[in-house]
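Letters A, B and C mark the chains in the order given here, with residues in each chain numbered from 1 onward.
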């Protein structure tokens, strides 16, 4: 973790992992290919989020952030998620799924022009660098904050009666915050919680392409998990429509309410 | 200044209340009560003789550093001139309700906020952000409040319709339907 | 000490927060900004050279007297004052993003951190380190957050520009590597 690890993390819960416990974990996760048993003790600190976990993994494994061995890192990531019992944290699972998808994309045959090949890891690298940059700022803030905390300001408050004569400082932001407080406590039905979840059409497109490349056809039910969230369903739907528009596949529904069949469109390739 | 005097100065500065001598002895276990007393005296003399803006005072069985009385008037005036006051959260909420629901009576505001607002209305009126704009029909003909031109000026608004999300609030703050 | 230095010392002593430069100017209207600056310097030197338990610091667009770090341990042990709690790693990350990207909405912060930050934003706002500074255009007109003067104070920053610029950080964002 080096300089990036905060003192708080260092003081956080430490999880010691022995080879035995790792083996047990591996058996419980059949989706993960078995790895060489770890023969040393690993100390796992608490993480501030999935990107923090991924970043420290990259550092621990001493791999180049611009050329991440995605299969290996994805496996290690899942392993740590299991060991740290982060399975319930949607954010960690989401990143795990992303890593697996990138892994699948890396396996795709790159036909023809290599210049047009986009590294599926590019977006992840960009996010990791952005996150790492932010952690650098955290280090600065932490150092300055500690410096300031080691000095006391005057604590005693001089009595000074609130005077109406003083000019007022009022901002629209303050008024709007007040409005939000009122809205929260008055008519509950008018308050909507908007879940921050953007669509991931690009991810869905990549997934369909990898499936179609392998099997030539698939059905809706195989692409979208039964317990998929609305944003996943929407992403997949948009992805399929986009790919059909591009002529990469054909969509057919044999009868009403039947699962949509997705087929590789070879006519598009010939053209 | 010797070390003990500097330590006492820092401690008295950082403490939110006057500090009794017994508590000061906890600062430096190696110092005797007599040494603490003489260090306090050294600090007092330093402030007085060297000519400082502060002084050491014994108040209610404890010691405290205070600004000298001759400067308090100037400090208060400078604060008033340079440090604009902010409205409390309660006052802001009351002001927001009046802005979006005017003309509105005190009881309706209290219904929405769930607490009495009599004194807040008075102080908002003193600050000329709201004013009485009429009287409602019905029992007791209660006073109705609305915002003033100064209110618009404070938020750099040309007219009330420029307030953001008026539609949302108009719905949320709609009066409850009357029982039939 | 000359009168102006004593007046400034008294004003700085009286305030638990950094005193903004405007307030110091309002304190002595007959003094020029240069005279104020040199009086502040005289006070700083006096504290340093004369050997005091306190020192003068420039923080958050103002000036503040603080105890010297070497006395903090003793003051805490004597329970005369307590240090504020450190922020969690999650809160610091959120604060760092807001400091650099302000004004910024919740969703953008979540995109960078990769986790939900709703409750952290609320607690940072309660601690007055961030505040709502406006609303974005677009769907739902989400609230935009920015840092407060208290943020500067608690991180001993004179102003936001004291933080390194994004391109001065060790890991400046590089363009993605070109495919082979």
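One rule holds in what follows: a contact is a pair of C-beta atoms (placed from the backbone, for glycine too) under 8 Å apart; a residue touches a chain by one contact, two chains touch by 3 or more.
Because the structure is predicted, anything quoted here is derived from the model rather than measured.
Peer 1: Which chain has its C-alpha centre closest to the mean of all protein C-alpha atoms shown?
Peer 2: The most central chain, going by mean C-alpha position, is C.
Peer 1: Of all the other chains, whose mean CA position lies farthest from chain B?
Peer 2: Of all the other chains, the one whose centre lies farthest from chain B is A.
Peer 1: Approximately how many whole Å separate the CA-defined centres of chain B and chain C?
Peer 2: Distance between chain centres: 21 Å.
Peer 1: Can you check how far apart chain A and chain C are, centre to centre, with Cα atoms defining each centre and the answer in Å?
Peer 2: Centre-to-centre distance between chain A and chain C: 31 Å.
Peer 1: Distance from the CA centroid of chain A to that of chain B, rounded to the nearest Å?
Peer 2: 43
Peer 1: Note the residues in chain B that touch 2 or more other chains, in rising order.
Peer 2: 10, 13-16, 67, 79, 83, 164-165
Peer 1: Return the residues of chain A touching two or more other chains; collapse runs of consecutive numbers into ranges.
Peer 2: 152-158, 171-172, 174, 176-177
Peer 1: Using the touch rule from the top, collect the residues of chain C that touch chain B in their complex.
Peer 2: Of all residues in chain C, those touching chain B are 1, 5-11, 13-14, 20, 22-28, 50-54, 65, 67-68, 71, 74-75, 77-81, 135, 141.
Peer 1: What residues of chain C sit close enough to touch chain A in their complex?
Peer 2: Counting only chain C, the residues touching chain A are 13-17, 55, 57, 59, 64-69, 72, 75, 81, 83-84, 86-90, 92-93, 95-97, 99-100, 106-107, 110-116, 131-135, 140, 143, 153-157, 163-164, 166, 169-174, 176-177, 179-180.
Peer 1: For the complex, give me every residue of chain B touching chain A.
Peer 2: Residues 10, 13-17, 64, 67, 76, 79-80, 83-87, 89, 92-93, 95-97, 99-100, 112-114, 123, 126-127, 129, 154-156, 164-165, 168-169, 171-173 of chain B touch chain A in their complex.
Peer 1: If we count contacts the way the header does, which residues on chain A are in touch with chain C in the complex?
Peer 2: Those in contact with chain C are residues 6-9, 48-51, 66-67, 91, 95, 114-115, 117-119, 122, 125-127, 129-138, 140-142, 144-158, 171-174, 176-177, 180, 194, 196, 198.
Peer 1: Going by the contact rule at the top, pick out the chain A residues touching chain B in the complex.
Peer 2: 152-158, 160, 162-172, 174-179, 181-183, 185-187, 190
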